[in-house]
Each structure stands twice: as C-alpha cells, then as structure tokens.
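Shared chain: chain A. Partners: chain B in the first complex, chain C in the second.
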Partner chain A sequence: MTRFLLARLAQSVVVLLVISYLSYVLMGLMPGDPIDLLVGADPAVSAADVERLRALQGLDRPIHERYWSWLTAALGGELGHSRLYSTPVLDAVGAALANTALLLLPALAVSVAIALPLGVLAAYRAGTAVDRLVNVLAFVGISLPQFWLGLLLILVFAVVLGWLPAGGIAREGAPAAEHVRYLVLPAATLMLGTVGGYVRYVRAAMIEALRQDYIRSARARGARPARVIWVHALRNALTPFVTILGLDLGLLFSGALVTETVFAWPGMGRLIFEAVIGNDYNLALVALLIATGLILLGNLLADLCHGWLDPRIRAGAAP
Partner chain B sequence: MSETLLAARGLGRSFSVRRPQGRPGTVWAVRDVSLEIRRGETLGLVGESGCGKSTLGRLLALLVPSTCGELEIAGRSVVGLSRRRLKPLRRCVQMVFQDPVSALNPRHPVAAILTEPLRNYGIGTRSERLERAAALLEAVGLSGTDLRRYPHELSGGQRQRVALARALILDPGLVVADEPVSALDVSIRRQILDLLTDLKERFGLTYLFIGHDLAVVRQIADRVAVMYLGRIVELAPRDRLFASPAHPYTRALLEAVPRLGTGKRSIGRALPGDPASALDPPPGCPFHPRCRFASAICRSIRPEPYSADGIHWVACHHADALQ
Partner chain C sequence: MTAGAPLALALRRFGRQRLAVGALIVLAVLILLAAAAPLVEAALGVDATAVDLSARMRPPSAEHWLGTDELGRDVLVRLLYGARVSLFVGLTAAVAATVIGTVVGLTSGYLGGRADAVLMRFTDSVLALPALPLLIVLAAVDLDKVLPAPLAGSELTGLLRIVLIVALLGWTTVARLVRSASLALVRQDFVLAAAGAGAGALGIMFRHVLPNLLSPIVVAVTLSIGQVILLESVLSFLGLGIQPPMASWGNMLTNAQEIVWEAPRLAVLPGLFIFVTVIAFNVLGDGLQDAFDPRAE
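Let's look at the complex of A and B:
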C-alpha cells in the first residue's frame, strides 16, 4: 500500500512538472504580454520604456530560462502576485477553490444520491416501462446544454418567480441560509448536467452485476431481495461508477466554467479563464497546476476506493 | 429409492419478448413439463442450447416463478406460496452453475461465501458457521485455510468445489447442477464428477444434472430426460435410453456423438435445420420439421407423453413403430 502510494506520488510529480512546463511555454507563446496591456492602457509609454520594462520583468529572456527561474522560485514557495487581483497568487486561488468546493461537493453529492437509486431501479426493472422512463429522463439530462439550462433556471426561479438570486455569491459572514440561497441554482445546474450520465453508468453496471450466477441464485440461499441488490450486486457494480466520479471530481473543479460564468460564481473555472485571458501568468500557472493536481487526486481517490471495493485490485495487484 | 422428492405437473414458464417487427410475443421456455425426481437418484437432463433445460432447473430451484402448473417439493406444494412461506422450502433445492467465475461473488472471501446462507437462515453462531464451512471445504477436497482466500486466488476446479460446498451448506435434499463441468478442463472434469458421486453418497443427495454432453450424463445419471423446445420428449432409465432410444430426437442426439475407433463419421445423419423458434412453435409435434419419420399426424396433433411400462416415457406418435 505504501509502495503504491509512493509510486503514485512520484508519477504525480512528473505529471505536474510536465504540465507546468507546457502551460508556461503555451502562455509564453500567446500573443501579447503584460507590458503590451500596459502600453495599450497608457499612450504616454515610449518604445524605450517598453524595452526597459521587458528587461526589468525578464520578458526578453528565452522562454526556457524564464521557466527555470519561475520553477526554482515556485519550489522555494515564491509563487508571486496576481496582477489581476492584486493579491498573492495563493490567496486568489484559495478563495476560488473554496467557492468551487462549496458549489461542487453538494451538487455531486445530490447527483450521486439521485443516480444510485434510479440506476439500480432501472437495472432491476430493465426493459420495463420504469426502465424506459428513467432512460428517457437520463438522456434529457445529458442532452441539456449547461448554459441554456442555467439561463432557464435563472429565468424561472430568479426573474419570474423571484425566489432565488440570479447569480453571485453571498457576502462573507452572511448566515448559512443566505449561502444556500445563492448555491441552489448553480448547484442544480451542475447536478442536472451530471446525474443523467451517472444513472446510465449505474444502470449498465448493475445489469451486468445482476446477471451473475451468484446473484441469480442468492435467493435460493435465503438472501432477501434487498440484500441481494444492495449488498451483493451494487458493490460489484460500483467500480466503474467510482472511476467516473473520481475523474469528474477532479475535472469539474476547473471545468465548471460554463456554470460558474452563467451564475457569476467566483470559482476555479472562471479564475483560470480570466487569468489566461488577462495574461496573469503567475495566477494562471498556479491555478492550472492546482487543477491538474486535483484531477490526479480524484484519480487516486478512485483507485483507493477500488481497492476497498474489490479484493482483486488490493495489495500488490495494483497497476 | 422410490420416495418422491420433487414432483412437477404441467409446469410451464413463459417470457414476454418483443418480436423483430415490434409486436409483443410470448416464448414458452418450459412448457407442460411433468416429472418426478426420486430421493437419492440422479436425473440427467439433456437437450440442445436454448431448449429450456436451464430454465427448468431454475424453476425447480424456485429461482424463477412458474407461469403455470404444479410443483411439489418434499410433498409440499410451492405454487402461490408467500415469500415468507417459500423461504424454508428454498433451502431444499440448491444450484451449482457452469461458470465458476460468475458463480462466486468476487468481493467476498470463501468464508463469507460459505457462511452467508447459514446467516440468512439464522443458523448457528459465527464460530459454529465457520466451523461448518471449514468442514464442508474439507469434504469437497479443499482445506480450512482456503477460507481466507478470495475467488480470484482459486483455480476453476477449486472454485467449482467452493460452489459445491456452498450448495451443500444448507443441507439441501436436491442439488440442481447446471452443466457443472462443461467449463472445466477435461482433466479437472473427472475429479469433479467423482466428487459429485462421492458427495451424493456421503450427504444422501439427489441430483438434477443438466448437461449437453451425453457422455458425461451417461456416467452420472440414473435416469435421463431429453428436452426439446421446452418440453420433455423422452424420459427413461439411463441404460434403456442409451440402448433403445424411442424418440427420433433422442436418436439423432445419440447418433451425433462421435465414436472412437469406428473410423467413420456419421455424415448425413446430422439433424437438418435449426430448432424451431420458440416464438413460433410449429403446430403438432414440435420436432416434426426436422424429423425423418414425420407424417401427417405429426404436423397437426401434438403427441402426449406416453409409456407402455410406466418407466420409459416418450412423446412421439411413431415411437412404437420405431423401436
């Protein structure tokens, strides 16, 4: 187990290094840099000033050198300042991370809580009207574009009914109920966007599990139907679902951009987007690396769950 | 030998399916099956793929409810019983399957696999259950130390032994063995068949042995039933059936078995065509479209099982003439 974790850690470090280099180079290749933005904002800056500023910021050096000095500084804990937010990079990223976690975790939790029973029900009643109804609903959920769904929810619940705020986030120190009010619509959007796929995964894996002989004969050995489904079959069906969930958890931390934009939710997706567009190198790099790290973490969590769910993967057999 | 352990009368099971054209249809996987299984015997059940042998086995093990007909286990009728009343009867019939991989839950160690049935029936304390599991493991030729292992750590033959131990742990009268050796290597097959025979004597078991391999069924069965398209077309003591098969389908099955040393293959004797679709069973005798001896009556009237001596049953209009 320790060896497995150490190996994964080493892999993760390599991945992070590669991603950091690629991100750095890609951003360096983007047209425009912070000095250009400065020039655009202030016509009084002369060409000589531009050269001087570039040299001062090290922007005239080759990109590999710049990456190396960034990396050594970053490893020394010096991540720099965000130009856009005028704070240390970690402060900006930390706030966005917390906001995304606040949005994502309840959305995924509700999504799973709905998908598991629905998927199991559809699988248990495969081929019946119940199954078809669940399937249709799942496909509707999968097919709805997030931005459209978000706007629709805003239109209905914020504009027409006026029950909930249209976007943004509660002020710091506001009562918990206020936070929840801001959370409901974006979380519902994310939930509706994921739940359909989850239902399909659970259903498919459950159908496979229910087909096994040890399931089909469990009743003869006196097992109650509920026990057969929830203990024997579901545990075997969970492995593929946990993989998807782990991946999604990592991906959505940076990939809920559309939802975060529609609802003006100051999370990681929007932070990365703004940092890249605004040539805020320091911020973009760190945010991208943290997003990468979260994807790796989600994968690792899924793998650890596999070991717990499936003795075949446990101890030594780990890939 | 003559005590009846299980009796089925007119047992049937249908499944609704959708036809290619989209109209709903009904498939009778098992239709109008009447048979008795006597305590202590091994009844072999043979037939082509899809003829309904496995469904019949699962019907008798109370794993699927019957659509119609009567079923008695140990003298008690099971049709229409509530779930609670059915539970004590379920113990009496246990199954062993063909595929040793899907037969055991990969998430559970052997100890949990073997003790769960006891736990479900509230039998014994934890340590007593483990003791019983260890004893049965030894009875099937494994050791008590295997209790801690997981199915993936066992070979196919070992898994099948665990599946047998699990089937026996509830002291069933009848074990339905659904092609228990078909998925095993030939070398392992012999061992499992010997083990089945050995266990039968030690535990006073009765077997319904489902198979498509006539050589295997011949080794182990006392009586043999032949199924075609959901119906039993012939039922006779083993030696009678193999020496003088009365149904044309049984004959065709026996002729299809390759023999060692004759040096020739029975070309031309293979059955023409595929089994008729269970969705659209032919009128009259279900076998008539493939039968060499079919006559006008076969095409219109379905032959009922008939026996001249009460031992050898056959459902064929021409059985007497053919023998």
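Let's look at the complex of A and C:
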C-alpha cells in the first residue's frame, strides 16, 4: 500500500508540474501583460521605455528561465500579490476555498444521498417502467447546461416567486438562516447538475454487483432480499462508485465554477475565472494550481477508500 | 457471415427504441432548420446581426416570431444561426476527440503491458483534471500573439479554436471505451492469424482491429457530441467561446442574467435549444449502444 501511495503521489506531483508549466506559458500568451497595461495607462511611454521595462521585469528572458524562477520562488513561499484584490495571493485563495467548500460539500452530499437509492432501485428493477423513468430523469440531469439551470432557478425562485436571493453571499455575522438562504439556489444547481451522472454510475455498478455469484449464494442461504441488496450488493457496488466520484471531482469543480459565476458566489471557480479575465495572472496561476492539487488529492483519497472498501486490493496491487 | 446481417439486426433493434428514434427525428428537424437559417432570415425580412436599439426586447410579433433581443435583433433567426454553430462545433470537435481517443485507446489495448499502463495513467490524469478552468485558460490566450494577423481575426479561426480546445480535453472517455473494446479483440483468432502471417503492429491495429471497433466508436462520437455542445455553450456564455456578433446559444445567454427581470423569454429559449439538442444526442447514443450491443435486453 505504501509503495502504491508513493507512486501515486509522485504521479500527482508530475501532473501538477506539467500543468503549472503549461499554464505559465499560456498566461504569457494572454492579452495585457503588466507592460501592456502600463503602456495603455500612460501614452507617453516610448518604445525604448517598453524595452527597458521588459528587461527590468525579466520579460525578455526565455520562457523556461522565467518559469524556473517563478517555480523556485513559489516553492519558497513567494506567491506574489493579486492585482485585483490587492492582497497576497494566498489570502484571496483562502477565503475563496472556504466558500467553495461551503457550496460543494452540501451539494455533493445531497447528490450522493439521492443517487444511491435511485440507482439501486433502478438496478434492482432493471428493464421495468421504474428503471426507464429513473433513466430518463438521469438523462435530463446530464443534458442540462448548468449555467442555464442556474438562470432558470433564479427566474423562478428569485424573480417570479421572490423567495430567495438571486445571487451573492450573506454578510459576515448574519444569522445562519440567512447564509442558508443564499446557499440554496447555487447548491441546488450544482446538485442537479451532478446527480444524473451519479445515478447512472450507481445503477451500472449495482447491476454488475447483482450478477455476481456471491449474490446468488446469499439468496440461496435465505438472506432477506433487502439485506442482499443493501448489504451484499451495495457494498461491492460502492467500490467502483467511489473511484468514479474521485475521478469526477474535476467535473464537480467545473460545475462549481459555472455555478459560482452565475450566482456571484465568491468561491475558487469564480476567482479563477475573474483572475483570468482581469489579467491577474499571479492569482490565476496559483488558484488554478491549488484547485488542481486539491482535486488530485481527492482522487488519491478515493483510491485509498477503494482499497479500504475492497479488501481484495492489497499492498502493491494497482487498482 | 455477411457484413449486412449484423447491421440489419442492429437497425431493427434500433427501430424498436421509440425514444432513440424520436431523438433522431428531433435532430433531423434541427439540422434542417439550421440549414434553412438564411432562407428564414430572407423570408421574414429580418437581419440576424443588425442592431436596432429602437426595437429592444420586443415581444413576439408577426415580424419577429420570437421577439427581439436586448440589441433589437431577431431571436428566432439568431437561434437558427446558433444551431449551425453548435452543430458544427459539436460534430467536428467530437470527431477530433474521437480520433485522438481512438489512437490512444487502440494503442493501449493492442500493445498492452507497460505501454497500456502508461497510456491509461496518462488518460486518467487528464480525466481527473478540472476541465473548465483549464479550458478558460486556453480560451483566454490572445491569438494575435500566436498567429499571423489575418488568421487570428477570422471567424473560422474563432470556430476552429473552440473545436481544438474542446477536443484537447474531450478524448479521454473515447480512449477508455476503445481500449476496453479492443482488449477483447486482440486475443481473437483473426488477429493472432494476422500476426502469425507477419502483419506489423500498425497494420493489425488499423486494418484488422479498428474496423471491428466501429460500433463502440460510433456510440462514443454520438455521446461526446452532447458533452462538446455543453462545453462550447458554457465557454460562449462566459464570453470566451464564440464571439458576437456571431450567434451561438451560449453567447445569447451571456446578458440574459441582467435582463431576466424584463425579458425572461431571452433567458429561457437559447438554453432550451441547448438542452433539447444535448439530450437528443445522449438518447441517440444510448439507443445506438443498445442496438449494437447483442447482450442488451
């Protein structure tokens, strides 16, 4: 297990390094580097000044040299300042991370809580009208554009009914109920956008599990049908489901980005988007890498759960 | 065994699935409408891109069947032009993603061993990445800094850029599907016979294994079109995909949030088109999967 863990950690570090290099290069190709912005702000700056400034900022050096100095500084804790927020980059990221967790965890929990019974039901009654209905609902879920779903929820619950705020976040120190009112619509959007896929995963995994020999022997031994489904089969269906949940974290975060943008929820996704749009490259790069790193970590945790749920997987064996 | 028999069987099985046949009809109508966009534009005597600030957010009328948007443009005609963009991007990006995914999956499944392990770890790494933030970074790149001026500004470059960006991250599902399908094939007698007769690895992969993977590949393309259309629409919605004045369903919704109070119709219609198109492709793909898969039902 330790060897497997170390290999996976090493792999995640390599992925992060590759992403950081690619993002660094790509951000250099975006409009409005610091010098462009300066020239735009002050027409008196001459071409010679621009050259001098570029040299001063090190922008005339080859890209890999610049990346290397950024990376060594970043690993030493020098992450720079955010242009948009005028704070150290980590301060901006910290607040956003907390908000994303606040949005993401309830959405994920409700999504799984709905997907498990629905997926199990559909698998148990595979081929019947119930299965077909669940299937159609799941298709609706995975085919809805999340940003449009958010717009529709705003239209119904904020504009027409006026029950809930159309976006934003409660003021600090507001009562908990107020925080919840702001959370309901974005969390529902994120939940509805993910639950369809999860239902399909659970159903597929359950159908596979129900086909196994030990299910037949459990039934033959006279185990109650409910016990066979909810204990024997579900336990084994959970293993692939948890792995897919881990692999799907990136997708979940993409959904969070859209949701946060539509609902002006100040989380990580919106932070990355605004930083890219607002030429705040220090912030964009660090936020993107932290988000990616956390997703890879979640992935790793899902793989560990996999080993814990399935005792057949032991030291050194690849999943 | 003739090649026609399994196909006819698959067609019959497909014909029995009412939902999938319905999806196919919906898509056919949509393609016809998209093709007819300029005709509709001429017949109604409106212009898809002409801004008329005196006719902002008009309700539906005889001249503007679905009303006008926040800049006074005809909503119906813009929706139809948007259909062209979505279908073009969806089809081309899905095909591009499928080509990448097929090469990776086929190589992985055929070679097996260490090459398979490395390729699949790579695929998993890409699959696990947060796609949308990375797509945003890719889409924000200033083309003027990469391409010569006449290319950078053209409409077609804008379209192809989205196709490329989406395909770059969208191939992973196809790779896994093709790999698992080819794993079952490479141990079959005809592949072993070809290898025994001295055929090279590339020849076997593309001449013998690939043709037998056609049905999973067709399913993979169909299912990825829906995903691609969703990605294009969200990038365009965020202002990083198809740029106005060219209409796309995503960019028609960019301003919808500010005007949802005055003209909810403008926030509902483009999304409805995205939703119907995507669900039609997904249902069609699912139906094809069942039709091709002899174990189904």
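Definition applied: the second predicted complex is superposed on the first by the 295 of 319 C-alpha atoms of A that agree within 3 Å, B and C clash if a C-alpha of one lies under 4 Å from a C-alpha of the other, contacts with A are read in each partner's own complex, and residues count from 1 in each chain.
Basically, contacts are C-beta pairs under 8 Å (C-beta built on N, C-alpha and C of every residue); 3 or more make two chains touch, one makes a residue touch a chain.
All values reported here derive from a predicted model rather than from experimental measurement.
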Query: So, A:V199: does it touch chain B (first), chain C (second), both, or neither?
result: neither
- request: Could you tell me if A:V286 is touching chain B, chain C, both of them or neither one (first, second, both, neither)?
  value: neither
Message: Quick check for you: in the superposed arrangement, does A:M30 touch first (chain B), second (chain C), both or neither?
response: second
- request: Would you sort A:R219 into first (chain B), second (chain C), both or neither based on which partner it touches?
  value: first
Message: By the touch definition at the top of the document, which applies to A:L190: first (chain B), second (chain C), both, or neither?
response: neither
Chain B versus chain C as contact partner of A:F139, first or second or both or neither: second
Message: Under the stated touch criterion, name the partner, chain B or chain C, that contacts more residues in chain A.
response: C
- request: Name the residues of chain A shared by its contacts with chain B and its contacts with chain C.
  value: none
Field: Complex contacts: residues of chain A adjacent to chain B
entry: 211-214, 216-217, 219-224, 227, 232, 235-236, 309-312
- line: The residues of chain A that touch chain C in their complex are 11, 15, 19, 23, 26-27, 29-31, 127, 136, 139-140, 142-148, 151-152, 154-155, 159, 246-247, 249-251, 253-254, 257-258, 261-262, 269, 272-273, 276-277, 284, 288, 291-292, 295-296, 299, 318
Query: How about chain B: which of its residues touch chain A in the complex?
result: 58, 61-63, 87, 90-91, 93-95, 97, 99, 102-107, 109, 116-117, 120-121, 150, 152, 166, 170
Field: Complex interface listing, chain C residues touching chain A
entry: 19, 117, 121, 124-125, 127-134, 136-138, 140-142, 144-146, 226, 230, 233-234, 237-239, 250, 253, 256-257, 260-261, 264, 267-268, 270-271, 274-275, 278-279, 282-283, 286, 297
